[in-house]
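Every chain is named by a letter (A, B, C and D) in the order it is written, and numbering of its residues begins at 1.
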Amino acid sequence: MTQSFEKLDRTSVPELDNILGIPFNVLDDGFIRVIDYMGSDAAIVQAARVSYGKGTKKIREDEGLIRYLIRHHHTSPLEMCEIKLHVRVPMDCWRQWIRHRTASVNEYSTRYSLAIDAVQKTKPNEWRLQATSNRQGSEGYLEVEKGRSFSAREDELLNLARIVYSERIDAGIAREQARKDLPLSTYTEAYWKTDLHNLLHFLALRMEQHAQLEIRTYATIIGCEIVSKWCPLVWKAFNDYQFSRMELSKQEIAIIAHLQSGDIEGAKNTAREYGFLPAKGESLKYNLEREEIEQKLKTLGIRPPWLPS
Amino acid sequence: MTQSFEKLDRTSVPELDNILGIPFNVLDDGFIRVIDYMGSDAAIVQAARVSYGKGTKKIREDEGLIRYLIRHHHTSPLEMCEIKLHVRVPMDCWRQWIRHRTASVNEYSTRYSLAIDAVQKTKPNEWRLQATSNRQGSEGYLEVEKGRSFSAREDELLNLARIVYSERIDAGIAREQARKDLPLSTYTEAYWKTDLHNLLHFLALRMEQHAQLEIRTYATIIGCEIVSKWCPLVWKAFNDYQFSRMELSKQEIAIIAHLQSGDIEGAKNTAREYGFLPAKGESLKYNLEREEIEQKLKTLGIRPPWLPS
Amino acid sequence: MTQSFEKLDRTSVPELDNILGIPFNVLDDGFIRVIDYMGSDAAIVQAARVSYGKGTKKIREDEGLIRYLIRHHHTSPLEMCEIKLHVRVPMDCWRQWIRHRTASVNEYSTRYSLAIDAVQKTKPNEWRLQATSNRQGSEGYLEVEKGRSFSAREDELLNLARIVYSERIDAGIAREQARKDLPLSTYTEAYWKTDLHNLLHFLALRMEQHAQLEIRTYATIIGCEIVSKWCPLVWKAFNDYQFSRMELSKQEIAIIAHLQSGDIEGAKNTAREYGFLPAKGESLKYNLEREEIEQKLKTLGIRPPWLPS
Amino acid sequence: MTQSFEKLDRTSVPELDNILGIPFNVLDDGFIRVIDYMGSDAAIVQAARVSYGKGTKKIREDEGLIRYLIRHHHTSPLEMCEIKLHVRVPMDCWRQWIRHRTASVNEYSTRYSLAIDAVQKTKPNEWRLQATSNRQGSEGYLEVEKGRSFSAREDELLNLARIVYSERIDAGIAREQARKDLPLSTYTEAYWKTDLHNLLHFLALRMEQHAQLEIRTYATIIGCEIVSKWCPLVWKAFNDYQFSRMELSKQEIAIIAHLQSGDIEGAKNTAREYGFLPAKGESLKYNLEREEIEQKLKTLGIRPPWLPS
């Protein structure tokens, strides 16, 4: 072998270096800080090209290659990038965050140290109403006047919780037990480190409109303020191909193909066959899958053939 | 609390119990056997309903719930099912298989025991030609007459390799070193255990038409002969929503919406903006992303507006 | 190949089948139930023997093989066994539990359903005091008389928290937000599934005397009541080789060897060299590593040579 | 909250920067190059201190903290460091390497490009003999004269294999199939990225004397040449507490304690009870566990009481 290798310098991304350590404020008392990172758009290209060998050097441009990788879910080169964040998050939100298992975590220990003396408080205009269309979401806000009384009540509860915690600590009760009744709105802090592939998966799920507002706020900042600076080509491709994509099922493809060829009955029959359109003559009933299809067809500018024109 | 729980029996799936231990033959000397499993369609529903709590019992039917989970990538309940296979696979194919990291593996050790005395041989009509459209695939076959000489040549090489291996063993050379020049076509065996979520991911990648024929053959048997019996509702939903789905990017959605509203120029402009259609007046050049879009449009019955009609 | 395989029946463990679904009560309102499992002591042996090939069949007895695997950290055959539990745990304890990442989880969703109306309450004689020797532990109990007032105060806080939660729900505030100030002592439920290797790792950390009492109680029941029935050979080997083992560092080995050969000064010099014994003539100061060594030496019946006899 | 944070610079380790990209040669044609890294000894301390909160800042010195973490298997802060290597390894060795699942990998694709034209060749004095004491190892070497003929025979096989591969490629056979009979000694290349915790686990297993010579050579270079420069405090602690440690089982502890108190019969009885010493009056038979204990006792300078003095 006569391969020769040059001395390398570390990959760095000046746009990200500029914000290292500086907190992005989130919610009323949370933050996200980038502590360190490894890799960049260029490092992804470099790793992908190991797979492809000499055969493809210079054939594709970097941006084209990155877009290809993301379009085709070739995610292993994305794992070559790592980022380490320092975050401050309400425990309720952290409970969702920590469900993403492919990450390294060092969390502030309330066995070892006093619980952080900060809770996420809700302003009078921030009380959200239960969604009716979606069992696990919210839509709209409580009127501010009512909100005021709920915020006051919240203060009362949070104050009592903190006093009770302090009384226990003062009496010498173990920190690991004194904390047991702290409210979920108490802030925690953690170092959280993950690779870019798993981070994009986190963002795809948590920036999404059905994600809970609190974690969505964190995710959006990580995406729009951090990943966008760190790996701008990946960020753009992620938005085009992953975050804003539409998935069409086998039956949705068949319905569209029928409609494009003018076969309205064929489209309806496919829908009936899959059980989301009632038999001829029966009236339409609520069906979640049909609603989802209708929404997709509308986005594509195609009229669902079973709806009144 | 006054919850009361009944004694449970283990979930079992008679259709799968019927084939436990029986080998499905694969390639010339490989096999797949189901050794054990945990869970079923019903176990997935049960796990999903823990998340939903009392609120939703009986609201959705089981099949609807499973289809919903798969359509929306709510994959955690699928992890509640496990399957353990005993497989015999050429090492070359195993090298691809083992890249799926979320699985448990016990492989036959050629340090500990003599290498398995079986290699995957290629019949005269099985030599595949390099694809021209795709750097990493094959298309079409070598003519049988030529294939015959390559098969003979293969025999010669495989025989020599086995003889050399035996000579080393007979001379007392350590098994861990004697094996070093065995051909990649040598069979290995392993117990391979994974959960249903990760298995479906494996199948989606390896049953796919671009997967190499050998691993595709194994994957197809696992899907069509095993998963189809084990979790038939999941298998159907997987085919409808995951395996046969089409993904539309942000720009593909925009192009289709333009075309449906009759705005041909808008569609072309979007394509130009994203760089896969040349500027007006320039002639079409090869562009992979454009080819992919054209293919999707055709499947949907939509004519790509830049192609001659 | 002329291998032939017989039809298999699933591995089952009658001792575990007997308790399937039946709750073990934990704390004041928690439980652990075994829902399903895969594998057994025999399945581990079977998987290990695939690695060893024909060469070793019948050479080792099953128990000897299992003990060998655990003694030598050959953990991959242990991954061939899975267990699925249904647990009810205070959120504070669940926060520790969920840090074990190699597991599958479906947790009760308080976005989707009303929060479970149960909290872990502390009896007057259960308030633990902060350990002085260990920043993150507890030792001893608060006197019952004082405990009574802390339990009353706890009731007050928990009642207020539940009332505030109900008020929010009644006013139509979204469940995902109404829950934000629930105390960490609120119970949650989950299906939790993991393999035996990762379960033993969990048990080694959480049955250990420094683990917090609450999670230690759960872990001890999982080990002593469940694993002991499921895989009794593994359970015994785990206790002998993993849970009750002692680790000696390079310098501890050197110190013991010096002492056994009668070289007291050599032992002391080694300790000085590693910095946990002060230079000759200086007085002993607190040093954690020295304390750990002294403890080990005492367990082995060896007198630490720097302590007054 | 009035926390304030300063702008950070990235952690860097000049000793590692100095060798970035420069290959360490391994075997006859392999190499290891460090491509990039994240973190350092200091980053581990920083992450650990997040867990401990304000309570412990400055209390422990950095080295003491790192030694404490490793001694007590508190491995999560070690996950905060990542390293990315470019390696060239024979496929036979890579088959072992890739079994470590917690790593990110981009391997050279022989579907996409021509197989690397290099194989690991064995010199006449490098043929190892099968170990008799250990079914899966080697000990000693074949005499050079005989080795010469095995090296010549190897050349013959490797040449034929390469010729056959070239004939297939020249005939237009697909690369994915042409490669099927390549010898396992063929070199492959990969980018391999893992965190420091998982890397130490890899090193503990692969630097160990029972690991196969080839992978042991790679592992030793990674440890002694790379980790030692990157995180010198971790490297030292790893050697003292993890790599060179001795584990004593419950029964080994009991035997030593008996011996130290002069109770020879008690020691023997414990050994009999655990089945590795035959009943009184019976003669000693080979028993692996007893051999292991004898070895440990000797290392500690303690005479096994059942051996003739």
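Criterion: a contact is a pair of C-beta atoms (placed from the backbone, for glycine too) under 8 Å apart; a residue touches a chain by one contact, two chains touch by 3 or more.
Predicted model, so just to flag it, every value in this text is computed and none were measured.
Peer 1: Give me the set of chains touching chain B intersected with the set touching chain C.
Peer 2: A, D
Peer 1: Counting residue numbers used by both copies over all numbers at the interface, does the chain A-chain B contact come out same (over half shared) or different (under half)?
Peer 2: Answer same: the two copies use largely identical residue numbers here.
Peer 1: For the pairs C-D and B-D, output the one whose chains share more C-beta pairs in contact.
Peer 2: B-D
Peer 1: Would you mind pulling out the distance in Å between where the CA atoms of chain B average out and where those of chain D do?
Peer 2: 32
Peer 1: So what's the Cα centroid distance for chain C and chain D, whole Å?
Peer 2: Chain centroid spacing, chain C to chain D, equals 27 Å.
Peer 1: Indicate the residues of chain D shared as contacts by at least two other chains.
Peer 2: Expected reply: 52, 55-56, 105, 109, 112, 135.
Peer 1: How would one label the connectivity among the chains shown: line, ring, star, complete, or other?
Peer 2: Chain contacts: complete, every pair touches.
Peer 1: Under the definition above, what is the set of chain D residues touching chain C in their complex?
Peer 2: So the residues of chain D in touch with chain C come to 52, 55-56, 67-68, 71, 135, 239-241, 244-251, 253, 256-261, 274, 288-289, 292, 299-302.
Peer 1: For chain C, which residues are in contact with chain B within the complex?
Peer 2: Residue positions touching the partner: 1, 5-12, 17, 20-23, 29, 33, 35-39, 43, 46-48, 50-56, 76-77, 79-80, 82, 84, 86, 104-109, 112-114, 118, 189-191, 193, 195.
Peer 1: Can you tell me which positions in chain A touch chain C when the two form their complex?
Peer 2: Touching chain C: residues 90-92, 95, 98-99, 101-102, 105, 109, 111-112, 119-120, 122, 127-131, 135-138, 142, 146, 150, 153-154, 156-158, 160-161, 164, 167-168, 171-177, 179-185, 212 of chain A.
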